[in-house]
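Take a look at the structures listed below.
Shared chain: chain A. Partners: chain B in the first complex, chain C in the second.
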Partner chain A sequence: MDSTRRDFLKIAGLTALGLGAKPAADAFAAAGGPRMTQNPQALKAKRWAMVINLKKFKESGKEALQRCVDACHKAHNVPDFGNPKDNIRWIWPVELAEALPTEENQYLHKFHEGALRDFPVLVLCNHCEKPPCVRVCPTKATFQRQDGLVLMDYHRCIGCRYCMAACPFGARSLNWRDPRPFIKELNREYPTRVRGVVEKCNFCAERLAVGKPPACVEACKNGEMAFGDLEDANSDVRKLLRDNFAIRRKPQLGTQPQVYYIV
Partner chain B sequence: MFEKALTGSKGYYIWVLFLLAVIGFGATNYLRQYFYGLGITGMSKDVSWGLYIGQLTFLVGVAASAVMLVLPFYLHDHKVFGKITILGEFVAIPAVIMCVLFVTADLGRPDRVMNVLRYPTPNSMLMWDVVVLSGYLVLNLFIGWTVLGCEKRGVAPPIWAKVLIYISIPWAFSIHTVTAYLYAGLPGRGFWMTAIMAPRFLGSAFASGPALVILLCYLLRRVANFDAGREAIQSLAKIVTYAMVASVFFIICELFTVYYSQVPEHKNHFNYIFTGLHGHSSFVPVMWTSAILALIATTLLIIPSTRKSDSVLPIVCVMVFASLWIDKGLILIVVGFIPSPLEKIMEYAPTLPEAAISIGIWAIGALILTLLYKVAVAVRKQQEYYNVTEAAH
Partner chain C sequence: MYNSGKVIIGIIIFLAVFALPIWYNRGAAVVPPKLELPKDEKQCVEATAYMKASHMEMLDTWRNSVVRDGARVYVSTTGKTYNMSLQNTCLACHKTKEKFCDRCHNYLDVAPDCWDCHIAPEVKLTGRTK
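And now, the complex of A and B:
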């Protein structure tokens, strides 16, 4: 009996407290509470695009390629498992014939040894305008932003790897095992991932949001890479693409890649 | 009705216990995978789907092939199938359950599988696969159980069951079509990007599924004293024959397009499996085994005397099943990734835990099938017994 009485008083008390607290809660709601605000310095664009100048990379040498890779993988806590089976890559150098299989030419390859076509090419997510990975994702864990960036929600991804099958550029990697012990140097500005989710280059969305260019572009000393708004006639990328001949990887598939290679 | 699955001979109990042991073995390996990650399998950045998705693909076909018994019986009143249609429907149930288990085993984050339902995405073929597979499972559960229950009571199935049966016929085609669409619509995967993928899937499914049912009929005759009837088995054998011929024809169409056009993005994959590519040839013996089995089996099926022989037909059915399992359960998925979109070759072979998990899931399927068949056969025998005693009076 006694306990029933005590329970009643408890509930009554809590109710009174709740009623008393309501106006205060309303006041907070009216004030707006915490709100998302955009960093005024954030870089914005209608359509982000990247230009990779193969000639300049050849001039700068292979260290320049590695600098870009290191900058990216350090900025994004990309683990290094040290074996090709588990490895995760956001940006990495490959043979020209691998980057552009359709450009394979048995005669030129034989005749022009040591030419541009023998120098490695950096590949990364192309942030396609019509991304097949976004089309196939069953949970919208990978999605396309208004400015063209194709991004990942690591917390929604179920690890089905349909996006990896759909990507014609091999740009995506799964965390086949716990990546955290394999991160050399932890960057607290960017989240680490858990095992079982897919990841890839994000065109440094987190850096753009605070007014910084992509890490790989920043790591270039001689303008080997450029980044900018394709819709802005005065942007770096537009100027480069106006004055140079550029190609894209597998344009015939119609995905409209937004990484351009000056050859 | 289910109580019939709880009693049986000593052999029945031993078989069930054996399956439970295999399932336990698979489950322990799955726990290892769950805590280590999918890195425990043979899959890699380049070959990102393997044995699990292969089994899914193959088993969707087995599930769909139930329609090869349902369609002749319910649409064409092919009476000899009356006794075994339920066997086809009861194959479909464990097959779909295995599909679900294989997809789940393949997920990097199985704990988030409900995200597929929480954020339904109609542009993803995977969502449609979930829809058609779960629908097919529900259809077959209702149909199989109701029809068998009515038989037990000696009454005709209700009209709604008939309606469900008619719905299940196109539905069966849809599950395997959607599964083919999972792969056939991906740019940059030359091995899969072929319009004949769905027809090819259906052709091989309608060969492998009925071949399995024939084998099960022979098995039931031995272990359960249940005779499906020679005519029924021979009808199934004809279905297997036509489906096998269609399958081989579809593959010839595929090979012609690939090799006459000589487009490297398509040809490289086929070279890899038939002759090896850039010194990598681990799949060559596997592919030729499948191809030779298929050719021998098709020949023996076409020749009437061998098809009609009770001693040859089971062997032919094993060959059909094995050939198509290799083709669809192993090669079709893996080779889609070899060479990779960057024309690199990363070879793939399942690891022991991966194989153990797969065998465990197959054992779950075998267990469900055993229980369902036990019920079906018991009900059938009871009916036969009543019919005999009634006739005696």
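And now, the complex of A and C:
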């Protein structure tokens, strides 16, 4: 082999670097510095999903709907501006035809007329598997977590409202005004938002992190809503979906919503 | 130089006016703010020197970890665990932000916008606070 001094120095340098790197790496690993982990009580899932049972909601009456809405809005300091133009909504009731347009399901429509028409349906962020809002966000303020939750980083939101235009479900609201004076009852454990950011349902990520189910699910007394891991065959949501006929909002758009409605 | 007398006098007057704040405050010692420390807790999340110098970076990592990764528990250098929350952990000890956060921030003329969203204890709901 034709070895020059230059080659020798190169190899010698690399060797010295390698020998030096090992103890340095060991020292860092052994330092035991601060680290960040999950709460051991946190609820974990591969893909979170929600099931809303419209039949049960009809049995329980309209108070049950309002109870869910109030529980959510109270837990998350959602303001009430008192006019529909400015209003912020995380979860709210709409007419059946608006929530589940049934052009594709002719006979389902007839079924609706018989059983469930004239009763409002709760709608919220669908935490789509392919969220269009995440794709359009220019600052990555909205993002999808590993477990399927589509969340907001309010620190990053610049209020451009691209996500609101992209969301086919109208699940997002912009704070046109300072929300603080319009919060009726303050939950001091949760932050508020500021003027100029978009907000939406977060599937109660902060509650899941301490082992609690979402506030709306907890507010349901007769199991009108269920929450669980879609990838776990023994979860509540999978059982419900196995035994009942369920549809989703606007599935033809291909966003794969993760909120299922039992009709 | 043309009109050198006037120009030089002009420069001297300019410098005198420009340096006025320095002359005006000469000799006056600026008193650093005195922070009110929590009475029932001796040790912060990390060492005091580190907290003084780097609390903003720490809060930034906390923020990213909680919001984006969902990891909400901080294991400190001493091995103690804390819930990473400005509102619920920091402010649980530092009960009045006016006597702790604000004193230093006002002294240094920095205005972090934490409190636009996060609720400090005893804060009134009147919109933006400094």
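The rule is simple: the second predicted complex is superposed on the first by the 215 of 263 C-alpha atoms of A that agree within 3 Å, B and C clash if a C-alpha of one lies under 4 Å from a C-alpha of the other, contacts with A are read in each partner's own complex, and residues count from 1 in each chain.
One rule holds for everything that comes next: contacts are C-beta pairs under 8 Å (C-beta built on N, C-alpha and C of every residue); 3 or more make two chains touch, one makes a residue touch a chain.
In this text the structure is predicted, and so the values were computed from the model without any measurement.
Superposition model on chain A: chain B and chain C are shown accommodated side by side without a clash. Contacts of A:Y260 after superposition on the shared chain: neither chain B nor chain C is touched. Of the two partner chains, chain C is the only one touched by A:P181; chain B is not. In the superposition on chain A, contact is made by A:K250 with chain B only, not with chain C.
Within the superposed three-chain model, A:G196 lies in touch with chain B and out of touch with chain C [touch as defined at top]. Of the two partner chains placed by superposition, only chain C is touched by A:A209; chain B is not. Of the two partner chains, chain B is the only one that A:V94 touches; chain C does not reach it. Note on the superposed arrangement: chain B and chain C approach each other to a least C-alpha distance of 10 Å. Contacts of chain A with chain B, set against its contacts with chain C after fitting on chain A, overlap at residues 178, 194. Interface residues of chain A facing chain B in the complex, by the touch rule stated above, are 84-89, 94, 97-99, 101, 104, 123, 132, 135-141, 156-162, 164-170, 173-178, 194-198, 250, 253-255. Listed in rising order, the residues of chain C touching chain A in the complex are 46, 61-63, 65, 67-77, 83-84, 87-88, 113, 116-119, 121, 125-128. Of all residues in chain B, only 36-40, 43-46, 48-49, 103, 106-110, 112-113, 115-116, 118-119, 121, 123-127, 130, 182-183, 186-189, 264-265, 336-337, 340-344, 346 touch chain A in the complex they form. Within the complex formed with chain C, the chain A residues making contact are 32-39, 42, 143, 145, 147, 151, 153-155, 178, 180-181, 183, 186, 188-194, 205, 209.
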